[in-house]
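Every chain is named by a letter (A, B, C and D) in the order it is written, and numbering of its residues begins at 1.
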Amino acid sequence: MSEAKAKIGVLGASGYTGGELVRLLLRHPRAEIKALTAERHAGAPYAKVFPQFAGIALPELVKLEQLDAGAVDLVFCALPHGTTQVVIKGLAEKAPTLKFVDLSADFRLADPALYEKWYGHPHQAVELQAEAVYGLCEIYRDKIRKARLVASPGCFTTTSILAIVPLIEAGAIDPDQVIIDSKTGMTGAGRAEKHNMLFSEVSEGLHAYGVGHHRHMSEFDQEFSLAAKRPVVATFTAHLAPMNRGIYATHYVRTLGGAGAEQLHRVLADFYRSEPFVQMLPLGEVPQSRHVRGSNNLQLGVVADRVPGKVIVLATTDNLVKGASGQAIQNMNLMFGFPETEGLTQLALFP
Amino acid sequence: MSEAKAKIGVLGASGYTGGELVRLLLRHPRAEIKALTAERHAGAPYAKVFPQFAGIALPELVKLEQLDAGAVDLVFCALPHGTTQVVIKGLAEKAPTLKFVDLSADFRLADPALYEKWYGHPHQAVELQAEAVYGLCEIYRDKIRKARLVASPGCFTTTSILAIVPLIEAGAIDPDQVIIDSKTGMTGAGRAEKHNMLFSEVSEGLHAYGVGHHRHMSEFDQEFSLAAKRPVVATFTAHLAPMNRGIYATHYVRTLGGAGAEQLHRVLADFYRSEPFVQMLPLGEVPQSRHVRGSNNLQLGVVADRVPGKVIVLATTDNLVKGASGQAIQNMNLMFGFPETEGLTQLALFP
Amino acid sequence: MSEAKAKIGVLGASGYTGGELVRLLLRHPRAEIKALTAERHAGAPYAKVFPQFAGIALPELVKLEQLDAGAVDLVFCALPHGTTQVVIKGLAEKAPTLKFVDLSADFRLADPALYEKWYGHPHQAVELQAEAVYGLCEIYRDKIRKARLVASPGCFTTTSILAIVPLIEAGAIDPDQVIIDSKTGMTGAGRAEKHNMLFSEVSEGLHAYGVGHHRHMSEFDQEFSLAAKRPVVATFTAHLAPMNRGIYATHYVRTLGGAGAEQLHRVLADFYRSEPFVQMLPLGEVPQSRHVRGSNNLQLGVVADRVPGKVIVLATTDNLVKGASGQAIQNMNLMFGFPETEGLTQLALFP
Amino acid sequence: MSEAKAKIGVLGASGYTGGELVRLLLRHPRAEIKALTAERHAGAPYAKVFPQFAGIALPELVKLEQLDAGAVDLVFCALPHGTTQVVIKGLAEKAPTLKFVDLSADFRLADPALYEKWYGHPHQAVELQAEAVYGLCEIYRDKIRKARLVASPGCFTTTSILAIVPLIEAGAIDPDQVIIDSKTGMTGAGRAEKHNMLFSEVSEGLHAYGVGHHRHMSEFDQEFSLAAKRPVVATFTAHLAPMNRGIYATHYVRTLGGAGAEQLHRVLADFYRSEPFVQMLPLGEVPQSRHVRGSNNLQLGVVADRVPGKVIVLATTDNLVKGASGQAIQNMNLMFGFPETEGLTQLALFP
């Protein structure tokens, strides 16, 4: 793509990841928002659903069916899982050169049988599934560059896969002994009117959810198994914390071959040495989720446990940025051959 | 003790656990607050440090040295660790029948060598240490009844020892494979002017602290080893969550002898069947910290992991009540032969 | 009523004011909960809608139509306005001796024309309206004692009427120049699934709502006019603050007859001298909403403005207790001849 | 200044306004940070005091006395008031062409007598005071362009002066009848270790402070009097709300000459028509503080009260951006002849 701006559509623009895509795209020097869809709010100006954009010129919200697929170069799909695969299939038929960055879970599992097992229905676009690339830029950069359809991973998986996969690949930890205790801010649960997301239901308290059986486990399985070159399963527990943004994942791992925390730290530091969005803290230092808020950064810490052979790996991202919309744009940059950090250099907003 | 009210002193009454002791004691039918100490605020009315008590008759704050040890039957020590042992030693010499409930860590470790190792200096009251009883009522009830000095355990330890010890004792889990991922509200860090406890430093975010080397580990070691009848060490990570109150502990355990989540649930349900302050949730249900806020309750949940042989045990308390001042009063009730729930029947304040 | 316990029904028990009624009634020595209604949750145990009550014996939730009106002495109506008047009318016909404490707005306006103007439809129980008593105990205590139907006022009105009416009655302030700037916690908006009450929509920010035209203005008009003995209107703005509980009202008033802040302070101090639930702070001191949280208290402060003749009156309550369920029980106590503080002596939970 | 970058020093870089200056300057295309001072943290890397900047090249923190005044073109002073005037005086003597944007209150009051009255000591740099320009860009743009020393106003004053001054100047409201009820987030209170700013002291509650006698009143007096061309005093009350960022000011005004809300809306809309950082909401719409978070925007709403002649004007900014560091950079842009929005185009971070 030349210096011309990429023409972008955001499907499902009224949710939090949609709003975050718009925030980032509006300041992206190589992108231009051409279409915004939201079924319930079609016909409304965008500032009606996100008043922070008052006074900014943006397309009016339209229904998905009103989208002119030929008028855009790439669409971000911030739609519910299950329906996304049908939508993308339809658009890909209409506009074969159209690129897709899907923020839903629909194309993340390479194995359609696994998809059916975890999501309870057969995949509706198996042929597209076959070409979809798992959009973890730091791991699949080269494949993403050539992809038409990227399945951009979510917040829990991005944060923990980036923390753990290099360690498994290096043979530094036992892939069968990984425990992920993850805490997320409330935006991770979306913007739908759910009783259990009301302010007074979730403020001033903390709780686990989806314990023992959370759909994102399937992505951990897939990626950890690929890294280990054999099937492995991890233990994962998600918790909801009273804050808007942030994933904070505490990983309990067991080293192999006599490795200690120093070795694990070195493996990760080497892996991420040239990565613009990953900050490796010095050995023994602990990250805080608030220090990545609003940025596309991942901060990583490694601390030795007093139990020999056990190490604690701490990882934090902003679930709406590196865990969703920022990473989606990072994928877009790769797909268009833009510099990977284009439009993603915002610093964290702390406090 | 007859129907007369017990005369109580609260040492260190200007901190959060001090304020919580006063809140509970003021409505305790068998207790009367006779003295409140606070070094920096000596001479001030109590409502100056805790304005919620405006209009309530309470003794003025005095310095510790002004305390008339003969005028009280029992003192609660909500003082910093290290100094508490010296204070209690002095008072015990002056008033040999005086009873003590210590909320600091000073008398919790039965082994003085262990104390010295974790706290960095020799214990100053080794003879009192020898008679001190670890004040976990559900486990040491009989000893507490006869004790003169009770070391009331803190929030992390109360919550997780009550969740784990019955399982170790029953031989249901591997005591060498216990991982405790605990999250606490901010009051757990006390009321001192610390930079890292300012609102804007800790709101809207989450982080681990004391990773790999937290003093409360020594109590886990002590109690888990007693239960296992051999030395065991656990992995423990504390996190600070943006809420005032609440401990939420997620325990990853490995079953023994082919046990599953059902068996673990049954062990805990049996153990706590008659306990007034422990609520066992049905198998598979997950507690929330906000549902115990302000109460002396512990809510416990047991969920099977999809990894066979692994189970997740969830436990939550209010760190200032069951994790501090409520449990301290529960200990007092036992020491005086009062009904154990006296003064502790407040229901949780949710939302 | 003899020493027997009053038999109580709570209609609309699944909302926050319902839950708060249950919390308080369970520890009320003279009340027994006999029925709990909630349309959508009928058939469920109460701990399903409020898990903090796990393990406590309570009637199962039933539909309103299943209520046996003859089996209860008093019902609290925590139902939506508009429908409440029809429900109470029906129950009063079935059970003429049944007493009612209505927490909705349905019977608060004595003038049916005014009701119709503000609520947009004719009142459906005009004859009951005529006998209803406005349940502000500190002002209408004698009438409440004899009432069958008490319209218990809400949080904004309770807080500000108690702050302002004694000043108008004493002729100390200009009733035409009262400005009420009030801030409420989120529970004031109820427990319904509303988009604009999701955690991420309302945390970390503040905004006004219902500006210029809020229904509670009609109650200010009614009570301020009664106090002034002529029609007056006040300016009132409500704001939503990111906290669960609390009303914090800042009143800007203009003194009459050369009065200053001292005189206003004295008027209020005299008026509330013997009131158990009102704490008058010393002149110049400022209350905080957190210091009444969970209690039935009102804290009042009076501060001189530097502009002569202007005074700032600050008032705070817990919107769910003195602003709703606590006051409703205070009304019940009066109606049954119980001590007015019975069941309402819980101290504030701070922090 | 040519296309070369301006060389910038940030004095007092370890506080919240210092951190916010760094956040914005790092992405400013025409500015380069050459020096960062912080007395207590001198010698530390900047990421030690603000870990969100981990991995970013920045000068080490130095003491003020180590600053090379000749090496910078402009300094931002984020220092405590009182000491700032002495610091600036000293630097101006050493480096006469150095420009200053002062974020403290030291140079905001044009009248030294007024300064002495409100701050309790004589001004130490009266001659500099004489040349200082009040840095409210939307009002004093032309003077700022030529200034060497700009006194950048703070959050309360920026927000309310921008809301009220155009209305006074237009003769649309009675300048003697302005009431400002303002609510601020916690960062407005700074980053010092104060007991009353601990998380648990201020979360989950709200309170007024500085009632009747707040230093910022002096700036309201100065600017409102200038607009009215005669001395006027306003009533102002500040409140602390449990959120990190945001000023939300509710203004109660009385119209003149029969004007209504429409006229006031028109006055403000006309005044701000071409202003890039001010968004005028449609008549009757109400802003929310969260929708300007992280941005340099001011959102303004005008709503009619039901009391004739009374209007409510609502204004909100981010106290750290438009209320501090963003405005300071806006001033710098004017002083250097840069485009006024340079480096300030970040969109609000919501949620």
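By definition in this document, a contact is a pair of C-beta atoms (placed from the backbone, for glycine too) under 8 Å apart; a residue touches a chain by one contact, two chains touch by 3 or more.
Here the structure is a predicted model, which is why all the values come from computation and not from measurement.
The chains in contact with subunit A and with subunit D alike are B, C. Summarising the inter-chain layout, the chain whose CA centre lies farthest from the centre of subunit B is D. The distance from the centre of subunit B to the centre of subunit C, with each centre set as the mean of the Cα atoms, comes to 36 Å. Separation between the centroids of subunit A and subunit B, computed from CA atoms only, is 39 Å.
Here the CA centre of subunit A is 46 Å from the CA centre of subunit C. Residues of subunit A in contact with two or more other chains: 16, 187, 200-201, 203-204, 242-245, 287-288, 290-291, 293, 350-351. Interface residues of subunit B, counted against subunit D in their complex, comprise 16, 185-187, 191, 193-195, 197-204, 242-244.
By the touch criterion given at the top, residues 16, 19, 23, 26-27, 50-56, 187, 204, 244-245, 279, 281, 287-288, 290-295, 299, 345-351 of subunit B touch subunit C in their complex. Put simply, subunit A touches subunit B in their complex at residues 179, 181, 183, 200-201, 203-209, 211-213, 217, 233-235, 237, 239, 241-246, 248, 250, 252, 286-291, 293, 303-307, 310, 312, 314, 316, 350-351.
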